[in-house]
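What follows is a set of structures for review.
Next come two complexes, and both contain chain A; in the first it sits with chain B, in the second with chain C.
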Partner chain A sequence: MDCVTTGGNVKVLAKAIHSLSKIGEELYLEPVEDGLTLRAVNSSRSAFACFLLSPLFFQRYQAPSDHAFRCKMPIKSMQAVFRSLSSLERSVEKCRIELNSEKNRLTVTLHCKHGLLKTHNLSFQDCESLQAVFDKENCANVLRAQPRLWVDTVLHFPPSLEEVNVSVNGERVWLRNHLEDDADPSRAMMTELCLSAEEFDHFAVRSESNITFCLKELRGLLVFAESSGLPVSMHFDEPGSPVVLSVSDSVLDANFVLATLSEDAHQRNHNNNKADRREAQPAADDFMSDDMDSYLIAMEASDLPGDLPGPSHESVPPVPQSSTNHRARLPSEEEEEEEEEQVNQPPNKKFCSLFFGSVLPASSQLTNQTIQGQEVLASDSDNEKQEE
Partner chain B sequence: MPLSTQSQPENDEYILIASLDNVRNLSNILKAISFKDHAIFNATQNGLKVTVEDSKCLQANAFIQADIFQEFTLKEDVVGFQVNLTVLLDCLTIFGGSTVPGVMTALKMCYNGYGYPLTLFLEEGGVVTVCKINTQEPEEPLDFDFCSTNVTNKVILQSDSLKEAFSELDMTSEILQLTMSPSHPYFRLSTFGNSGNAHYDYPKDSEMMELFQCTKTQTNRYKMSLLKPSTKALALSCKVSVRTDSRGFLSLQYLVRNDDGQICFVEYYCCPDEEADEE
Partner chain C sequence: MKFRAKINDVGCLNHFTRVVNTITKLTKTCVLRLTVDNMYFVLSGKVANGGVSMWCELLQVNFFEEYQLEGVSADANEICLEVAPENLSRALKTAQNAKSVKIKLTKKHGPCLTLAAELPSLSSINRIVTHDIPVDIIPKRLWHDFKEPTVPDFDVSIYLPPLKTMKSVVDRMKNLSNYLVVEANMNGEMNLKIETDLVSVTTHFKDLGNPPWGDNASQSQSQSRDAEAMAHARVDIRKLQQFLMGQQVNPNKSMCNIVDKRIIHLILLQEDVSLQYFIPAVA
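Entry: the complex of A and B
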């Protein structure tokens, strides 16, 4: 494998890596014919990001001849190579990423001004393929706007805010901070921002919807989008289905797939907030009534599940529990064992609890509270974490 | 000039008087070697030399020539004492880091010999502060026995390029390896950290390389913790000379221009790391 980037694209590559570092702690790198993919996923598997840099992005692009190389490494290692973005711009003329198969190292070489050569030989681990299954083309709602709009909007929310709620109708979109179930509305600060369709380059809402997702990960994408100046699209559907934020141009494609809070927990919150914008669809995510077998089938298959109970699951099975805990499955497209393995990592309690929200008694909370007495409905054969 | 008070010894009782219109010409350079609390001061007719050492393996010296001072009077050939450098720097910067142009803090540093404290008179805008810092018996600084005849390899680089490398050094690496050679890679800094190794290569014909005199290929390793403080001196400097001798001892000499454009020197001596480190 041998990829050479020059000029301004070195900074784009660095920004992509910094952006992925906001999602997860490991960088998954896989050169394929279509280009170089850089991916990251968070520990609770509720956020996934993928950058595809096409061969045209590079001055020279050579994927490994057997097309079977993929690796992962701590993202900090790669960030260390591109540490100072301003000095990258000033002094780096060329960046080369090569696989040194004898020494089992990924060599990143920066050719800088004045003849300075920086060579980093990074160790990596072999890994399974990491790919979320999502289908943004079939999402009911698509909004697209210049990054500046998103950045300015997000600026209104405090950095400590974890989740943001987005609701749309045909003409407007509202963004609100999401309050925990146990938050006292009279003591909490509520922020609400309303944008009209005109602010967007593209505003297509086929189904009024109200989703809640993690703001921090959105910020990760905005870091990249702002510097690239490319418009950011948001594709989403029903609560519980993932929201896909993407940025693309002729040489690169970035997708950030984020879990959204599932319906019933959502509904309960809305009752609390007295803003009843979304009628419940209890059947959709009432996991008690899911056919456990069909659910398990969905998890193991590598095809998109077309036969799950409940409406709007175009791309993704409902995910009631800790394993593939959120909107997008992350199975390897080839191997089940890998899915099991990936999925056994202890999920972030909070996001798991989001999805248990729908089946819990009203006293449950969306905090790091152990969920008592929760019967695991559809678990991995290996995963026995009762608390999620 | 600061007012004298009755409790101060008369000027003619001091064995060392050093005055500066701008205390930063001293404090900035001392900050570049302030990685340890104690410093050995050695004043001769040539000027002031301040030495800081670490674990008997590293020595840093700052040289401020006599002509940098507005007044530099010695009553003896050599005046030496040891003080707490951290306290001294706190006193020298007692008026804060004012960068208002034209506003300077003046310093008069006085010492009247063994057993007496070091007295500092600092004045800014008519306000005078008097500081007295206890002195100690000066230790004998290490003699690294680094002489130019033993030097095997020497380069002089413009600091800018080295600054970038030093600021990016992988701190998870315990050692910093220096390779100097008449052939490729000429001048290379290497680290061996948790994520892998990294090499910074400077070719001998780079514009940043002002002098390149390498006679023999040498690779030496130094403890990162010892060399990392030299980054401060590097940051202040415009040029640095890097020399290694036949024993692998390292000498780094930094050319520093002070606020008034005058030249001072800072040098670091470091012993090679004896432990066998595997990559």
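Entry: the complex of A and C
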């Protein structure tokens, strides 16, 4: 394997790595025919990011002939190579990444001004391919905006905020801070930002919905998007299915797939009956947890994708019937819902782990334990090294 | 009880934000008193604060274009709330370039101060950001704790040196000792002193001037006082440092009243806002 990046693309590569470091601690690197993929996943498997740098991104791109090279390494070691972004810009002319099979090292060489050569020999581990299952194209809702809009939006929330809730209807989108289950709503400061569809480059909402995901990971993508100036798209469906944030141009494609909170936790937090709100708040779904389980099981039964990067196609199970009902429900029914919610059982918070091709039980605690024992993979149908 | 106020002017908004930021640096929680003419941030001296108390008074009309208040009752036309100023700061921080900011008393999961800012946007429809800040309503029977403090019978009253200078002196002294002595006389001289087993350091300020206090009883007391005689109070240095650290409002006048061995009373005055801060002396 031999890839050479020059000029401004060195900084883009560096930014991609820094952005991935916000997701997970290990960098998964895999050169394929379509380009070089750089991936990361977080420890609870609820966030996954993938950068695909096409051969055109590079001055020279040579994938290993057997197409079987995959490795992972601590992301800190790669970050150390690209540490100072400003000095990268000023002094690095060329960056070469090649596989040294004899010494079993990945050699990253920075060709700098004045003939200075910085060579880093990084050790790596072999690994299985890492690919989350997601279907961007079939998501009901797509929003796309310049990174500046997303950055300005995220500014309204404190850096310590873990989770943010996004809800949409045909004309507006609301972002709110999400309270932890055990937080007392009468003691917590609530922030809500309302943006109109006009501020977005593209705003297509086919199904009013309300999702909650981790803000930190969105910030991770914005680190990259802001410097690239490329518009950021957000694809999502109903709570529980992952939200996909992506950035792309002719030579690169980045996807951040984040799990969203499933339904129960929503009703408690986002059914506020705010009398003086001007716009109607979209009503929450009324999925029962039973339906969530069957949804997960249905996903498991569908065909697994191959190990190529990019959106994978799978048969999306039919959307459970209650969602058509909920669309017809209007805010006037909010009061009823509030009463109902008080009677409900305590919310069961679960970030569904992204579906990586193995059966995942619904509760997040269980999931963590199970994952430790399992290797996460979506592998070739003819690869015999499957571990489960 | 009803409260609604609106700021339309960006200068007023920035000024209000700076005042709130100053309060945030001084205390984690305080009482907000709202009357028809004024807004007060009050911290009453309790053991929990180390006896420190604060009184900040804003003339409402200089900040808000619209201001409507309906107090607890007709004869007690004011509202008293307990709030964490940091929440207010955070809410105001993101509204700095807003076209307008509305503050309202509302009820969400509990009583809240709701701040709604209309932000400029890329389209014809403005962005609205709303913050609901939880507050506690203070019942009327407890209001006596939060009355305007009376100016104590001070022994010396003196104008302060520039706060930045004081701050850098105090910052360095903090490394050497936990207690600092503030002393001053009616001759415009002030000293900041620390004394430990190993070292003693004094910073002298001269020609500061003494504020004229009109027909105050204390005035006559201090008039009969020897102009050279120093009144002093030994205070916890961190409290003085905290006061100096957070200052974001540039006062027109800043002064200090000292009651010998009892308390120092710091006063910062500006056109629309005044801040008083009391630090008790320690033995």
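Basically, the second predicted complex is superposed on the first by the 271 of 388 C-alpha atoms of A that agree within 3 Å, B and C clash if a C-alpha of one lies under 4 Å from a C-alpha of the other, contacts with A are read in each partner's own complex, and residues count from 1 in each chain.
In this section, a contact is a pair of C-beta atoms (placed from the backbone, for glycine too) under 8 Å apart; a residue touches a chain by one contact, two chains touch by 3 or more.
Please read all numbers here as calculations on a predicted model, not as lab measurements.
On the superposed chain A, the positions of chain B and chain C stay apart, so the two partners fit side by side. Of the two partner chains, chain B is the only one touched by A:80; chain C is not. In the superposed model, A:198 makes contact with chain C only, not with chain B. With both structures placed on the common chain, the touch criterion links A:105 to chain B but leaves chain C unconnected. By the touch criterion stated above, A:115 is placed in contact with chain B alone, chain C being left untouched.
In the overlay built on the shared chain, the residue A:186 is in contact with chain C alone; chain B does not reach it. By the touch criterion defined above, A:155 lies against chain C but remains apart from chain B after alignment on the C-alpha atoms of chain A.
The gap separating chain B from chain C at its narrowest, counted between C-alpha atoms of the superposed chains, is 9 angstrom.
Residues of chain A that touch chain B in their complex: 73-74, 76-77, 80-81, 83-84, 87, 91, 105, 114-123. Across the complex, chain A meets chain C through its residues 149, 155-156, 158, 185-196, 198-199, 272, 274, 276.
Within the complex formed with chain A, the chain B residues making contact are 161, 164-165, 167-168, 170, 194-203, 205-208. In the complex of the two chains, the chain C residues touching chain A come out as 87, 90-91, 94, 106, 108-110, 121-125, 127-134.
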